Structure formats: C-alpha cells, structure tokens
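Read through the structures below before going on.
What follows is a pair of complexes built around chain A, which joins chain B in one and chain C in the other.
After this line comes the complex of A and B, so read on.
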C-alpha cells in the first residue's frame, strides 16, 4: 500500500515538473494557431478557432498588419541560421577535434596556455570585440559575407568543441591506440579508427551544443552583416513593429525555429546524455 | 496623353483645380481612373524635375539603413518613381527597431562607408553629430546647385526644422545660432490623448481636459474595471523612452524644464517645488489608474493594451493611437483622439515630439547622390504619396497637412485626429535640453520615477537624490 502511495506521489511530482517546464512551450504552440485578437483577450482562454494564418504568413512572406501588408523574410532568416550554424560547427569540428586530440595526447611548450586562450574566447563579451572586428572586416572585405560570419562564429563553437572533446580523448586512454599501433598501423589510422570512435559521444555532444549556441547567437550577424544575412534570432524581431506586436507570428516563428535543433537533439540523444555526463565528470 | 488631359494633370499638380474636378474632367474625356492616375504620376515626375537635373547621378547606387516602420514601407512602395526620376539604384537594409540603433551606432562608429544615409531620431543626432559621424545638411539645403528649386525647405514645420538642428554646445537652443542641420525631419509624432469611446461611454466618464482630470478618470475606471481594465496607459520601463512621450509633454505644460543653463553650465531643474508637485500628480495617476506592470511598459505594451481594450486611454504618441484604430485590433474603430493640455492654467498643449529623420553618414563616398535621395524622400511629392496612400503620418510638411485628399481620409477613419493635431502642432517640439549625456541621465530619471511609483522612495526625496546624481555626472563631464 505504501509503495502504491509512493508511486502515485512520484507520478504526481513528475507530472508537476513536466507541466512546469513544458507549459511555456505548449502555450507558444497554442498561440501559433491563434490571431492577435484571441491571444490578447482577457482573461486568456484555451478555447479558440485554430488558424494557420500565422504559418501561412511566414511561409508566403507577406503579413497583414494594422498599417498594411508587410514583407516577411523569415524563411530567409531560417535558411541563414541553418547555413551559419551548420557550417560553423562543421569547421569547428574539423579544426577542434584534431586540436583536442593534440592537447589530450601530447605535452608541448605553452600547450595549456594555448588551450586556455582558446577557452577565453568564451569569456569575452562579444560587444567588446565586435567594434574592432567590424573595422578589420571592412578592411579585409569580410564584412557582410557568410565566410566572415562563419569565421567569427568560431569564437562560440571552437572552444566548446575543443574542451569537451579533449576530456573525452583523455578519458578514453591511450592504451587501446598504442595496442593498435603496435599491430603496425600508422598514427593517423589510430586517430581515425580508434580515438575518434571512442570519443564519438563527446564529439556528438560538443557538436550539438556548439550548434545550439551558434543557432542562438544574436549579435555577431546583427553588427557584421546586412539584413539579408540575418539569422532567425534577429529576424523574429521583425514581428515587433511600430504598429503593433504580431504575437501569433512570433509564436509560429519560434515553433519553426526550434524544429531544427529539436530534430538534431532527438537524433543525437543517445550520444548526448553519455557525452555530456562523461564530460561533466571529467571536467 | 492628349493635350487636354496633360493640361488637367498639370492644373492638378499646380493646385489650380481640385481632385474631384480633375476626375470629372478626365471622365469627360473618356479617361478611366487607372489611366488618369498613370498620367498624373507622369505629370508629377515632370513637375518634380522642373529646373533641376535629377539625372546627374544616373547609374549610381546608394545604400540606406532603415528602421522597420510604416515610413519605410511608404518609401519602399514609392521607390520606383525615384529610380525613374534619377536613373539611380537604391539598396537598403531594414532592421527591427529593437536593434536598429545598435546597428546604426556600430556602422557610424566604425566609419563604415557601407551606408550613405539612414533613419535616425533627433535625440540620437546629439551623439552622432558632435562625434563627426554626420554631415551638416545646411551645406546641401543652401546650395542651389544641389537642391531642386521646388524642394521648399521652409514648408517643413519650423519647430521640426529647429528640433533637428543643434550647434553641439551643451544646453544651447535647438535651431539656435551656429546650429548644424544634422538631419532632415521625415515623419513625426506628438503626444496627445487617445481614448476608447466605447469604454468611456460605458463607464460614464467624459474625455479628460487636464492632468488632474485624467488622473481622476483613470482611477475611477481602474476601480470600476473589475481587474480587467485600467484607466490610462503610459510608458514605465527603465529607459529614456519613458520620459519623452506623455511625461515630458505634461512636464513642459506645467512650465518645467529638465535643466537650466547658466554661464554655459547645466544645472538639473527636476527638484524644484513645482517639479515635485508635477511628479506627485504623475506618480499618483499611475498608482491609482495605470497598468499593473507599469514598470515594464514600453511603446508596445501601451499600444497593445489600448488596441485590445485593456486600457481606456493613453497619453502617448498620437500615431500609436492611430495604428491601434486599425488592423486586427479588437477595439479598431472605437479609438478617438483629443488634444491634451495637462496644466489647467496653460494656454495650449505643449507635446514633446519624436521626429524620425534622415541623416547622411560623413563616411559616405557618394554624398551628392545620397542627398538626391534624401531631398526626394523628404520632398512634397513623396510626402503626399505617403500621406494619401500609406501610413506616412504625421507628415512634416505644412503643404501636406493642407492636402484635401489626406485630410478627408484621416477625418473619415480617425475621428478627432485632425482636430487634435491642429490644436497640438503649434506647440509641439523637442522640450529636452540638448546635451551629450541625454540617454544616461534621462534613463536615470525613468529609474527614479519607477522607485517613486513603487513607493520605494518618497517623490521629494527621489527627486533630490536624482538632482544630486545628475549634478555629479554633469560636473564629471565638464558641463555642470
């Protein structure tokens, strides 16, 4: 009997926690199927006639407001976010995984200093570096280019990849690799066929985290690129207009913009939990 | 185009016949509305080009930095006529208002030549102008070789021309001696009362005529509103933008200033007995009749509540009430407008103005071409187009305000708007004292107001503390 009570209480507690954390997301989902008028009625209600008008506005690129028809560039913003986040993470993995391996396996002069310097990129407030950066970008012709933005996004992605993956290489230990090389395989083959598969949960976790951080970035593209290269984080603000806030379209934009990261997180879930918890224990 | 039709078009453009008469005569010639409109556009373009070589920058391309705003939409909708007139190409970047000024500041301070001209508020020019980031537009306005003879700068409302010009001397009068014209007024808003007729009638409340009446009416509505309705929406976030609309308009109407200037030095004037009296009235109005989360209220919340029927009145930008009377707002069609004289003893309203303006970057490499665009965008033709067909309100030109078609449109859909404008406009200008610490000190003023409304500090003490802090900062900056 006591067991049953405990189980019920535990279930209730879990349900409460779920409702607490999921309520904002569910509410946003419901808002995305409502007009501004039903969203803003007092008191708020769960009963409404669902409409797809908000999604239609986002997908067709035109929005009706109190001051007429406005052009919506949300799909372009979404495309920019996908492009910037995936290419930035790809480049970070390409540079960061070998670097993490080097930091984990070899001791060399100034090695820790270099690793810490790379980590310090995460500490610096972006606004501190943005103005000098925009001056250099103007000189170098990198201002308002995807290549320039992907380069700057390394400030977000590279330290994450480097430090998370490094701890996984260290955790995996060098013995298996040494045994593989004793069998006559090259160092490069050992890196590819032993070290990387062993560190894969960490690489997946680091890649996903870096993707989320890159996806959520706001200020780099805002300052360094023109309107046609802005990600969703800036694009979503376009629904806050002088003539009113389009709450329904903001909600629909949020729903659409969390889909890519949600899909990626679901796909990488099994590596993610292992990768993050291992990294957390090892520090 | 037949000779007769051409004559009628020219007569309308020159104001010799009215629009109705024009339509009647064109119909008599058997020319339909669409064709008549096209002929009229052609005649307008020719009239605009008279005596000025608009094509001198043909083939050039300029780039603009713009805020997402109905003014921008109106310009974009009419941009083809500029391209036809000049043979120029115009590229533009539009950013949402929440991040717009970050983008402008970054572009100007990095001396980027990417943007030739951009939208700005007048207050921002107090920072951008003295920093050397803007061009003094007097160089162009006064140059007959660069400005079309029919540009008619004097047609722009005098208070707005003055409010966008400053010598850079802290405390010096806007538009006074030695002023540089940092920007060209483009569209503006003044602060009046907008109210929900339906709610006021239901609650048995008349339209308030003064601040004490507004406070009393708001308190009654909040009291009787059953928690679903409050009296008056005003801004309250910790930002300079809380001070500049209704608050400063009322403050100025009570004869109060933000600073006094003695011997070139600024002294805060917020802690005088009269100022304290005004603050007490304002704070009480918010406590008894304002929104519950007043301290988070910006332009958006004030407007949204009026449009959704959560507030009965707002004392804010007249165009905010204008926008809330349309679109998918629940209360569309119920909003009305009234000029507002907060001080019962004052002669007339004194609304503080927010002026969206066009400015030219000093880093631009094609300033003459940028000026060609700026004079077109701020000219009478585009002003008329925006006012008649789009939401390019409030126009900054006296001639546009006299336009019959525009007035008829506003009178039809926005009851009382023209009357509030006509009564308010003569006294409308920027009532702040221009000085380089404007944003910091005005934000601090808003923060003090928040503490007074939440009763964290009594009004008198809060203002004494504010004055002390402002004095200290002015001294540190060498201007106090």
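After this line comes the complex of A and C, so read on.
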C-alpha cells in the first residue's frame, strides 16, 4: 500500500517537472493552431477552434494580414537552416575528428596552444568579430554566400567537436589501437576501425551539439547573408509586420523548425546509447 | 627468435621547453631464441619504454633493434611479428572473450587455431567466460583474456607487460608456472616486463635489472644475487635488502666508517687476501641480512628491535650509529637495549666502490 502511494507520488512529481519544463513548448504548440485574436485574448484560455491557417501560410508562402498579403520565405529559410547546419557540422566533423585524434595521441610543438586557440573562438562575443569579418568577407567575395556562412559557422562547431571528441579519444586510450596494430593492421586501419568506433558516442554528441548551436545561430547569418540565404532564426523576423506581430505563425514556424533537430537527436540517440554500453574499455 | 637491442636510447622532449627526458640510455641486450627474459625495475626505470620501442609504439631515438635477423626499429608494429599482452588489457570491447583471443589468428587459425584458443583459455582458467564481453569481466579476468590473446599467436617474439599484476596472489603463483611451461613447450621467445621480483625469478631464464633508463645487470637470477654488479642491484634484491656500510680499505682488511663519517678504531673487518681491495680506497661493504652473524664477531652493537615473524627473526642492531639488519631462522634471545656482538664471514662480504657503486669483489660463498 505504502509502495503504491509512493509510486503515485513519484509519478505526480515527475509529471510536475515535465509540465514545468515542457510548458513553453506545449504552449507554443497550442498557439500554432490558433489565430492571433485567440492567442491575444485575456485571460488566456485553452478552449479554441483549432486552425491550420498558420501552417498553411508558412507552407504556401503567403501571409494574410490586416494590411494586405505578404510573401513568406519560411520554407526557403528552413532549407537554408538545414543546408547550413548540416554542411557546417559535416565539415567540422571532417576537420575536427582527425584534429581531435592528433591532439589526443601526439605531443607536438605548440599543440596545446593551438587547441586552446581553437577553444578561445568560443570566448569572443560574435558581435566583436562581426565587423572586421564582414569587411573581410566583402573583400574576399564571401559575403552572402553559403560557403562563407559555413566557414564562419566553424567558429561555433569546430571547437565543440574538437574538445568533446578529443576527451573521448583520450578516455578510450591508445592500447586497444596498439593491440589492433600488432595484430597486423596499419595505423590508418586502427584509426578507422578502432579509434573512431570507440569515440563514436563522443562524436555523435559533439555532432548533435554542434548542429543545435549552428541551427540556433542568429547573428552571423543576420549580418553576413541576405534574405535568400538566411536561416529560420533570421527569417522569423519577417513575422514582425507593419500590422503587428504574427504570433500564430511564429509559433507554427518554431514547431516546424524544432522538428529537424528533434529528428536528428532521436537518430543520434542510437549511437549515444550504443556507445555507453560499449564504453567500458577499462576494467 | 632472437632479439638483439644495440645501444637503444629513448629521449622524450621536455615539457614546455624543458630539458629532454632520457627514458632509456644506450641499452644493449640480446635475447636468445626460446628464452624468457624479464625486464625488472621500479616504475619509471625505462622498462616499459623499452618494450614499447620493441613493439613499435615508440620510435627509438638512436640504436638498432634486430628481431629474427631483421632490423625492425623502423618497421610499423604490424610488420614486426610481435605479440603483446598489455598492462591495460586492451581487449576489443564489442567482441566476446573468445573472439578477442582468436582475433590475431584471423581465419588462418582454422580448426587448429580454435583448439589452441580453447587450450590456452583452459590453461588460464577463463574457459567458462569465453562468450562474455570484456565489460562483464573483472580486471583479473580481462588481464588473463589479454594474456591468452598474446599467447595463442604465432609471433617471433611475445611481449608480456605486467601480465599478472591484477591477479590474486595465489592464482598468480599458479599461472606463472603454467605460462612458463606453455612458453617453453611452444618454444616461444618472450620478454616479460615486471616490477615483481618473485615473478621475474619464477618465470625468467635471465633477468635484466633496469634503473634510471640504464641496464644495471643482465644475467640469471643466481648471478644477480651472488655477484651483483653494483650497489643498486645488490640492494634491489632481497627483503630486507643488503646492509651497506661505508669503509676504508687497508692491506688485508677494512675499517668501517661510523655514521659521523669517522673511522671507528676497533671496527676492522678482515678480508681474505684474494679480495683485491684498493688500499686507502673508499669502499662500501655489503652483507645480506641472512649472513650477518649475531652473538659472535669483532663488532659490538646495541639491539634496537628484535621481531619474530613466525618463521624468522628480524633484528636491527645499531653499530657505531648505523643500523644493520640481521635475519635469523632461529629466535634470537637478545633484548632491546642490550649489547650484542656481531660480525660476518669474509666469504659473505661484497665490496663496492663508494663513488661509482660498481662492484669490486664478491665473497666466495654462493647463496
């Protein structure tokens, strides 16, 4: 009996915590099915007639406001976000994983200094580097190009990948790789077949985090790209219109832009968990 | 196969621009085919660096390594023909114990390989664990699996890095014998790295004692004990270690120095004429605790402690300000604070140069 009470109480406590943390997202989900009028009424109410108008406006690209019809480029923005975030993460994994391996396994001149310099990119406020950066970008012809944005996004992704993956390489230790090499395999095979799989949970976690940070970035894209290359974070500014803020559409846009990251997280979970059960390298 | 190290050195670059660290200095060592050699020393003495250079995980700074007649110091580990049991086990986490052990055999192993895997697993007592993953094993079980993986392989040379450090003392004692028998039966050549004297004695044909990156002495255990090449080797073996007393050589004998550095008048030790002690030279007289005679001899001391350990007595005697330790297999009737006579048979004396620690002469008696 006491057990049952305890179980119920625990369930209630968990539900409370969940409601507390998920409330904003649930509220946004509800908002996305409402019109601006029902969203803004006081007191707020859970009773409303659900409408898909917000999603329709986003997907068809036309927004009806009291002062006329506006064009919405949300889908294009979403595409840009996917493109920018995945290519930047891909590039930073391509560069960062071998670099992390090098930092974890080899001592070389200035090694620690280079690693720290890369980390220090995360210290500088982006606004501080943006002005010189935009001048350089104009000069180099990188302003308003995907390549330029992906390059700048390395400031966000590369340090994350490098430092998280490095610690996983260090934790896995070099001996398993050495054993593999003694068993007649090359150094390169040891890197691919042993080091990478053992560090996979770290690589998945770093990739996921880097993706989220890249996805959520606002200020680089705002300054360095024009409308047709901007991600959803910047594109959402379009919902602040002359005739007011389109809360319903903002909510729908948020819901839609959460989906890719959520899907990626669920997908990466496989490696995160598999990595955990595989992680006990040391006895 | 024979392994030959010629003047092998390893220097690591210093941290933050400091002086380079010399891990191994001019090490020359020859291992005969079918021989088991132990590299023995405390941690940081260079024995593991040596092993890693032979395996190919570290490049040599200078010198050459020859295995089975082929220079290997520039070859990648995969092409050296070396098998190794790692101190950290280094098992492949996703594979079962059986797959781990058979890994180096590949498909070439076939039926014979499977049989050999089963034999070695039986020998090391891990046969019931063969279908488990390493993560489900204790440290000692993982260590035995790693050892089995090295032993099943056909290789020119087997390197065993502290292969039994994680085992229970009793199991260790049993496995030493079994592993040695297996190595001998298959005619393998093995280099064993250990800090455990008992393990080196039990398993190795010859022992190489290392300290501070340098080879101190290389030979059979009995030679290291009877004729240590220097003071380090002399005091390294044995528990309690050899007593070492500074002295000045004079014709036909020695005068011992007290703790204050003065030559004590009555403290003379005769040496047989055969021992060529340099007259007037600063030397160190070494005598093993078991060879120090209590109750007879020319020296006088005060008993500082007298402990019966169940099968032997450890008696500490202060002689002219120095503590000497004597071991006796019979109870010693002396009480703490009492005066006691002691001395030694010249045949049990070892003489070392005080400056370099190099051995000058050894008494005739063998341990």
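Operating definition for what follows: the second predicted complex is superposed on the first by the 269 of 283 C-alpha atoms of A that agree within 3 Å, B and C clash if a C-alpha of one lies under 4 Å from a C-alpha of the other, contacts with A are read in each partner's own complex, and residues count from 1 in each chain.
By definition in this document, a contact is a pair of C-beta atoms (placed from the backbone, for glycine too) under 8 Å apart; a residue touches a chain by one contact, two chains touch by 3 or more.
Every value quoted in this text rests on a predicted model; they were computed, and no experiment measured them.
Shared-chain residue A:242: touches chain B; no touch with chain C. Comparing chain B with chain C, the partner in contact with more residues of chain A is B.
Of the two partner chains placed by superposition, A:2 touches none, neither chain B nor chain C.
Judged by the touch definition given at the top, the superposed model places A:194 against chain C, while chain B stays out of reach. Applying the stated contact rule after C-alpha superposition, one finds that A:128 touches neither chain B nor chain C. In the superposition on chain A, A:223 makes contact with chain B only, while chain C stays out of contact range. By the touch criterion stated above, A:107 is placed in contact with chain C alone, chain B being left untouched. Within chain A, no residue touches chain B in one complex and chain C in the other.
Residues 107, 173-176, 178-187, 194, 197-198, 277-283 of chain A are the ones that touch chain C when the two sit in their complex. Those residues of chain A whose C-beta lies close enough to touch chain B in the complex are 35-37, 40-43, 64-68, 70, 130-131, 134-135, 138, 143-144, 222-223, 226-228, 230, 234, 237-238, 240-245.
Looking at the complex, you find that chain B touches chain A at residues 68-70, 73, 93-99, 102-103, 106, 109-112, 114, 228, 299-300, 303-304, 307-310, 319, 323-330, 332, 390-391. Those residues of chain C that touch chain A in the complex are listed here as 13, 55-57, 76-78, 80, 82-84, 86-94, 103-104, 106, 134-135, 137-139, 142-143, 149, 153, 166.
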